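Look at the two complexes coming up: chain A is in both, with chain B in one and chain C in the other.
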Partner chain A sequence: MDYVFPNEINVTWTVMIVLYPYITGLVAGAFIVSSLYHVFGRNELKPVARFSLASAFVFLLFATLPLLVHLGHPERAFNIMITPNFTSAMAGFGYIYTTYLILVVLEIWFVMRADFIRRAKGTGLAALVCRALLFFNLHEDEQTRKGDHKIATFLAGLGIPLACLLHGYVGFLFGSLKANPWWATPLMFVIFIFSAIVSGISVLIFHYFVVSFLNGWKVDQACVRSMGRYLWGFMIVAVALELLEILSIAYKQTEEWEVLGELIERKLFLSYVVLQFMTFSLIPFLLLGIAALIKLRERLANAITWIAATMLLAQVLLMRWNVVIGGQLLSKSLRGFTSYFPGLFEKEGVLIAVIIFTMPFIILYVFHRIVPLFPDAVPKSARTAER
Partner chain B sequence: MTDCKSFNRREFIELVGAGSGLLLVACGPVPPPPGAQAKDDYDWTKHYWAYAVDTAKCIGCCACMRACRAENDVPEQYFRTWVERYRIMAGGEVHVDVAAKDDHVFEKPAEGGDVVKAFFVPKLCNHCEKSVCNQVCPVGAAYNTKDGVVLVDRKHCIGCGYCVQACPYGSRYIHPQLHVADKCTLCYHRITKGMLPACVHACPTGARIFGDLKDPKGELSTILNQRRFRLLKPEMGTHPKCYYLGLDREVV
Partner chain C sequence: MNRTSRAFLFFAAALAALIAAFAAGWDHDTGDARSTAGMAIVALLVVTAIVLVAVGVNAVLAGRDAPRAPAGPRASYRHTVPLFLVVGVTVTAALTARSFAVPSGFGAHGYFRGTAPTEARDFPLRHAGKERCAECHEDELNLHDKDAHAKVPCETCHGPGAQHADASGDAPILVPRAKEDCLVCHRILDARPGAFPQISLQDHYRFVGVKDDNVQCIQCHSPHEPLYMDRDLRTARLHPLIHRCRDCHIGRTDETLSRPEAHPAIFECSYCHKTIVADAAARKHRKVSCTTCHIFFRDSDFAGRIIRDADPRFCLLCHRKAAFRSDTAAPGIDWPAHLKDVGKEGLKNARCIDCHQDRIHTIAPRSRP
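Up next is the complex of A and B:
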């Protein structure tokens, strides 16, 4: 019954290409949170403003790694910038990525210059690194602080469209492929941006709670509550767009729905219907709604928010999986489906993916050791003592 | 043995040299295939290659697949060309399969039932005028030649697989050993020497027709002027140059 074109039996894009949009999504989302504070003056987000900017930076550092692992010839990766084919959506990647990386690095430099100066005045290797980063200019006064702030705000504002471009571009890579009915939708661009913001806020909430717990810090309630509300809002838009896309195709009952309906029913029922929507979208939606609308005890509200954020991290990963892998399960013969199950130890397997995904967290820790990402964190014991 | 020993080295060389000279005078140079030109004379602006498939003539022998594999060293489990077998059952159900095993021989269908219509359809890269694989290649390794062939620069391809995803016909794959995109080249190394692509050469029934659209009196142009044909997935806007004669609506 099933007929798959013979070259489509093996899936070309696997775990690494699932991980790549996932990591860039985290970058874009984390950056948006930092900009909510730096540009839009959401002062309640100040406790995580530096942390979110640094998170965007470390994820950005590793965003290209899955691609390099995936490429048949990683040594030719720079061909994409040396001989770009401008009719290709992918050709813009090198430029967009580099521009964004430069912007994030500059913003970090201006936002954290005072901290780098403080650290540079100390001793040891970290101090030397900081001095080098500051071009050995440790001068600082009210005027320089004002200037830094001005430039950082400008960069944060400029970064918002760039963040959208970086991740919207990833959606465009898929959405513009007319040969694949599962991908070819203009909505893909927008869906990717919103899901990126969802994953970015989620990883910040998840990580903020974990770091606070491990260090015995008091979690800033106003900050968490605000992030929880933003997360709720953005996840509603993201999921609504995802549903709208599929419902409009289903309702139109065109020829492509015959095969897409079958794809969902036969190949993606568990990962798409049961897990992505019924479990990891619906439950966080309800949990965040409860946390936002009902006055709960702090600990309970925090637990609910953390669980919802963790589930949404999984939801976005599932979404990436269902897009990237799901689209390749469907044969362009429109007559059948192939199968794919990830390997654990292969070159593009789960283990390498886990290692790549862990790296940004390690670098973030190193970053934090050089320049504290939570300078205003209050230890739980101190707060109790004050009382 | 004793006779052989009676020749010394000088006598032997003289004998072989004289014999070879006589043979060359008698036979002349090895004649080129009909219509062949030396590669140095090839002018790609004077040709525009295209392909037609007369589906009614295909008998599913898959000689084309074997010839392609031998000529182009196609890796196992991947295909530059393949032949699809369609069986339309009495209830309207459509069964499609490919002789994908190494010997490329169609197996007896496992399922029974009344077949009301059956036919074979050879497939290959459509060498589209507006090839989407060319459009999406981020480094320009995929390109359309002036004589109408879509090729891959193996020394420039980064192996990202974007072209594989973009091709509506499933004609591309990532070469498992070379790690670059690979596909039908219309046997470019042969056609630029005036030879036919291996699949066309091997086809015993003339189901595969190769020709030059810039030759108005050529076989391909004549067929396209006289016969009705269809393109695969014309809605993709890729302007494929593989023309199908007598194609059933079930074929995509």
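Up next is the complex of A and C:
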């Protein structure tokens, strides 16, 4: 049981292709959280509503960067939009991505117009940029606010199917490859959407706590509690779907199970069975369950939620890894496996991945310097003063 | 205009959108649905119709209700005009720019650049071909054509040579000398067909007693004549297919003379050459497998050519005296000095096996040269 075709020895889709669905997933997830407030009226999520929208925007800016780094001729990437091809799944992604980017930019414009105006009235380069973004119209009153709110709600509503489409499409890229039994399943699209939402909520919780801690802000309990519950619900669905997928193949014992079983037992045992499911799914499930069902002291509940969110971030990354890399370890002959271990300093190595993944956070910080993302944040000292 | 009449206006518009959708969607001559773009327009019109109906129904229901409480200030959208204008202009500009960027001929034969074949044809030729090489390098080509690399074109190793040939040799050409260049084809890989010669450097160096890892392949093997065959490969004897362990068993396997218990006898030389194999097993070269010297070249799925190599340089591939070879390996021979020692100095056709046949195996009557 060890035969690979000559062109399968090297794993060509590397860390960058793992990072691409991961970052895209964060976009979709963060946008869904912002829509929960803007469209579905979950008012307890207000403290993170703009933060989640801005997060979706910055992650979206960098979603395709790993792909461009992966390409030998990145400038040819635009050919998929110049000469689109209905037999190419990636061609559709170019259009969906662009549409979604325009939508998110518009949404930010309408949601944050009042803040841009406030900033534009100041001085300096940032004020000038804000004035340009507002087309030098700083007029604001009850009527414009109402108009902005209506359009923002409409866009947020339109954004939900688009976010699902965007990330479902990433799942489609893998799920529609019928030659690869590890990828080819219609469940892939749904799994990707739900894992995207999980990673998006996770990164918001993770980041919200870190930012609040660094700035000495009081964490909004209702908001965190609500996000923790949403996270719990979505992670249950996501993990259940992931397990159902593998269970259905295992139970049916189709011919591909011969090789997939071995893939799971031999090649992906650590990253898939031990890490993705036993560790980074089971523990957050229990932790979030405890936080949701048992009345704990604030600090403990917060710590538990933060740890679970951080672990789920890793879970989704592991899931992307196991999908992308796992599918390539498997020979199309269904009779053998190749191996892959990422390098640290190579072109598509871990260092570049870390740099790419850090960049959205830097842009987010710059964004926050121009327009505060947590306008209602309460310093901890204020809380003690209240008492 | 009151609410009811506005509602009917919406219903009329929805109906118009639906009719337009039908008109746009179906080709009346054939009755078939039109292109994908046409269907996208249909979908858009249908969605528009649904939205218009919803707004109309809402207006009717609102008209039936009791007069509503004042809803506060009306929403204003005037400030959004520049934004949507910019977005609209940008998208239109991008789509227009795209239409200019589409290569001419795209779509002529489906989703391809129709001009691609002519473009490709008009590229200047970069490869010259073996015949051009032979114009100046006939000697190398003669050696090359009779040895193991006969089927490998010159430019596989030397790179495209049209420029070099056009400039009568003044333009540089690639001359690969590093062992990595040879290993591009000959490195041992699970994915290569077992019959293809593959080298594990470590094993090979141990076998021939090379003690310095920096030794290059070309220090022993001339790239044009890597195995020093004493006759042309094409005139070599046809032989039924020899299976190697690696043909079936992927991964590193020891190619030994003896087969494992209960394995079908499909690759053993002794199956046909029983006497010779038994004889060889009692002599000095017993640890050397038959195919080390009797190199097999696969011709088809059924047969190949087998070389019985007796060129002294072939023996020297293992027995050459060199500083980079250890003393404990096969005895090292300084060929010219050796000829002098045995009183055959200057004898061009001298072969090792003329004197040392007894160290290999006796020649059986069947295997005439």
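Heads up, the rule we're going with is that the second predicted complex is superposed on the first by the 386 of 387 C-alpha atoms of A that agree within 3 Å, B and C clash if a C-alpha of one lies under 4 Å from a C-alpha of the other, contacts with A are read in each partner's own complex, and residues count from 1 in each chain.
Here, contacts are C-beta pairs under 8 Å (C-beta built on N, C-alpha and C of every residue); 3 or more make two chains touch, one makes a residue touch a chain.
If you're wondering where the values come from, they're calculated on a predicted model, not measured in any experiment.
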Fit or clash between chain C and chain B when superposed on chain A: clash
First, second, both or neither for A:Leu177, with chain B first and chain C second: first
Which superposed partner A:Tyr97 touches (first chain B, second chain C, both, neither): neither
Partner chain(s) touched by A:Phe57 [first = chain B, second = chain C, both, neither]: neither
First (chain B), second (chain C), both or neither touched by A:Trp13: first
Which superposed partner A:Arg76 touches (first chain B, second chain C, both, neither): first
First, second, both or neither for A:Trp109, with chain B first and chain C second: second
Touched partner set for A:Phe135, first chain B, second chain C, both or neither: second
Which superposed partner A:Gln143 touches (first chain B, second chain C, both, neither): second
Chain B versus chain C as contact partner of A:Tyr37, first or second or both or neither: neither
Clashing chain B stretch [against chain C; choices 23-31, 41-49, 95-103 or 131-139]: 95-103
On chain A, the residue positions that both chain B and chain C contact, one per complex: 3, 5-9, 83-85, 87-88
Footprint of chain C on chain A - complex, ascending: 2-9, 81-88, 102, 106, 109-110, 135, 137, 139, 141-144, 146-151, 336
For the chain B and chain A complex, residues of the former touching the latter: 77-79, 82, 84, 93-98, 100, 123, 132, 134-141, 156-162, 164-174, 178-180, 236-237, 252
List of chain C residues in touch with chain A within their complex: 36, 72-77, 79-80, 82-83, 86-87, 91, 98, 101-103, 106, 111, 113, 189-192, 250-251
Contact set on chain A toward chain B in their complex: 1, 3, 5-10, 12-13, 67, 70-74, 76-77, 79-80, 83-85, 87-91, 93, 173, 177-180, 327-328, 331-335
